[in-house]
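Attaching a single structure in structure tokens format; questions to follow.
Chain IDs A, B, C, D, E, F and G follow the sequence of writing; residue 1 opens each chain.
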Amino acid sequence: MAPVRRLVVDVLKPHDPSLVAFTEQVSETDSVAAVTSSLIELDQEVQNVKLTFEGESLDVDAVEAAVEELGGTVHSVDQVACGEHVVRDHPTLQDH
Amino acid sequence: MAPVRRLVVDVLKPHDPSLVAFTEQVSETDSVAAVTSSLIELDQEVQNVKLTFEGESLDVDAVEAAVEELGGTVHSVDQVACGEHVVRDHPTLQDH
Amino acid sequence: MAPVRRLVVDVLKPHDPSLVAFTEQVSETDSVAAVTSSLIELDQEVQNVKLTFEGESLDVDAVEAAVEELGGTVHSVDQVACGEHVVRDHPTLQDH
Amino acid sequence: MAPVRRLVVDVLKPHDPSLVAFTEQVSETDSVAAVTSSLIELDQEVQNVKLTFEGESLDVDAVEAAVEELGGTVHSVDQVACGEHVVRDHPTLQDH
Amino acid sequence: MAPVRRLVVDVLKPHDPSLVAFTEQVSETDSVAAVTSSLIELDQEVQNVKLTFEGESLDVDAVEAAVEELGGTVHSVDQVACGEHVVRDHPTLQDH
Amino acid sequence: MAPVRRLVVDVLKPHDPSLVAFTEQVSETDSVAAVTSSLIELDQEVQNVKLTFEGESLDVDAVEAAVEELGGTVHSVDQVACGEHVVRDHPTLQDH
Amino acid sequence: MAPVRRLVVDVLKPHDPSLVAFTEQVSETDSVAAVTSSLIELDQEVQNVKLTFEGESLDVDAVEAAVEELGGTVHSVDQVACGEHVVRDHPTLQDH
């Protein structure tokens, strides 16, 4: 199977663990080389964050399990890059 | 025939298989070097996604067959790059 | 005559041939090194597409003939680059 | 006199000659290394186009004469770059 | 644990110490290679600032302690980058 | 005194001399390596233009004198870069 | 103390000295390698300008003293970069 090299997921997580601890722990998942998490919005109960993972061959099931083990839920998968290299998604005239 | 080197398609797909499994499987199509799929929007029934394929000489029929075999339908072909290299589509004064 | 190196045309074409077949065939025109076609909009009858051609010395008559042979009509010529190199059209304070 | 290296003019031209023929012919002017013409808008009578010329030392009188010989009129000169190199016009806080 | 390489926090601080003194002092925290602080807004009582830290392996607890020791409070953690390299958070079609 | 390396001025000038002649002549000022002039707007009486000068050590008095000798008036000085190199003015969160 | 490498301040100054003379003189401050000043707005009494300083280790007190000696007042400090290198303040999803 062609390797997944980049993965963007939209996650809802509780306030505890903090975004720093959460990011450190999901970045420990096997196959993850690096991850950046960005706060989208927060309310009293949850944080909505965007997680961008990179790796030579990401184990997506393990990534999702790690998110859930920390109390998070994957709200949506927003981008997946597979294959020999990462294809950049350039805007086209159809993007709004 | 001049080879197709880059192809952007707008696809409607069911929720199952997931976007990750869907992308992994279409990236296995002969002639596809790499692909990135981006979520445009989703409702209860379907996901609308943008797929960008790159390869030395893409077999577009095989790509479309792979999409359909997974339950997807190609809603529109948004961009096609053919020839010795990939021509970038720069904005002109006529683009809105 | 100074060679045409880049040409952007706005084309109306029927749905058949498909955008992929259409692009493959116009890219076969003598003097065309590569071409990218981008969908602007479509209705039931026609597709409106932007075609960007590159070559060392484009034969514009042959390009337009190829478009028409495939049932397309050149709605407007949006950009032409001639000469020793391709001049980039940077925005000025007069562009809106 | 310091050489003019880049010149942007806003031109009104009749539909005949076509934008391709017009661009090819003005690019033949002595001192012009390359030119790009971009369509701004068109109506039944005229085309309004933006022409960007580059050269080591542009002969602006000859360029304007070539435009007029082809039935065009220079509506305004929008940018002129003179001297040892081309100064890029970066936006400042005063540009709107 | 995978190292934190980049951290963006939104901080409320009193006017004293000044933004310069505040930035100099938090940049002295162990593990911080460099930091940039940007003013978001200010009123009579407080300054709201965005702090971006970089380091080989940031000690986030020490960073937060340094902010608090200077009278600041971390209002939110806006971005965390962990792992072998810093993943850039590119916009996707889901970002608004 | 630290040398001025880049200078942006907003100038009102009569239609005669033309923008090309005007730019050629101010670029002849001692200390000016290159200049780009961009049309902001024009009415029947005057042209409002933005002039960007670069040089190793610009003689600003001589530049202003050259502008005035040609019938122009410096409406405002919009940007001045001094010192060992040209500092780029990046946007901050305070720019609107 | 970690060195300040980049500093952006928002300054109100009288019309005299001119922006050129003002910039030349603040750039003479010890520790300043280069500075760019950009006009934000002006009225009959004052000019509001943005000053961006760079240096290996800026002496911020001396910079502020130089501004005040010339009749200017520092209205706000908008950005401070400290440490081994200059951290670029990239936009996050929290910036508006």
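Here is the rule we use: contacts are C-beta pairs under 8 Å (C-beta built on N, C-alpha and C of every residue); 3 or more make two chains touch, one makes a residue touch a chain.
Keep in mind that this is a model prediction, so the values were computed, not measured.
**Student:** If you line up contacts by residue number, which pair in B-E, A-E or A-G shares over half of them with F-G? Let me know.
**Tutor:** A-E
**Student:** Using mean CA coordinates as chain centres, what's the gap between chain B and chain D in Å?
**Tutor:** The mean C-alpha positions of chain B and chain D differ by 39 Å.
**Student:** Any idea how many Å lie between the Cα centroids of chain D and chain E?
**Tutor:** Measuring from centre to centre gives 49 Å for this pair.
**Student:** With chain centres taken as the means of their Cα atoms, state the distance from chain E to chain G in Å.
**Tutor:** Taking the mean C-alpha position of each chain, the two centres sit 22 Å apart.
**Student:** For chain C, what residues touch not just one other chain but two or more?
**Tutor:** In chain C, 38-39, 50, 76, 78-79, 89, 92-95 touch at least two other chains.
**Student:** Going by the touch rule stated at the top, which chains touch which?
**Tutor:** Inter-chain contacts occur between A-B, A-C, A-E, A-G, B-C, B-D, B-E, C-D, C-F, D-F, D-G, E-F, E-G, F-G.
**Student:** Okay, in this complex, where on chain C does chain A touch?
**Tutor:** Contact set of chain C toward chain A: 38-40, 50.
**Student:** Hey, which residues of chain A end up touching chain E in the complex?
**Tutor:** 8, 10, 18-20, 23-25, 27-28, 32-39, 42, 50, 52-54, 76, 78-79, 89, 95
**Student:** Going by the contact rule at the top, pick out the chain A residues touching chain C in the complex.
**Tutor:** For chain A paired with chain C, touching residues are 92-94.
**Student:** Please give the residue numbers of chain F that touch chain G in the complex, ascending.
**Tutor:** Contacts found on chain F: 1-2, 4, 6-7, 60, 76-90, 92-95.
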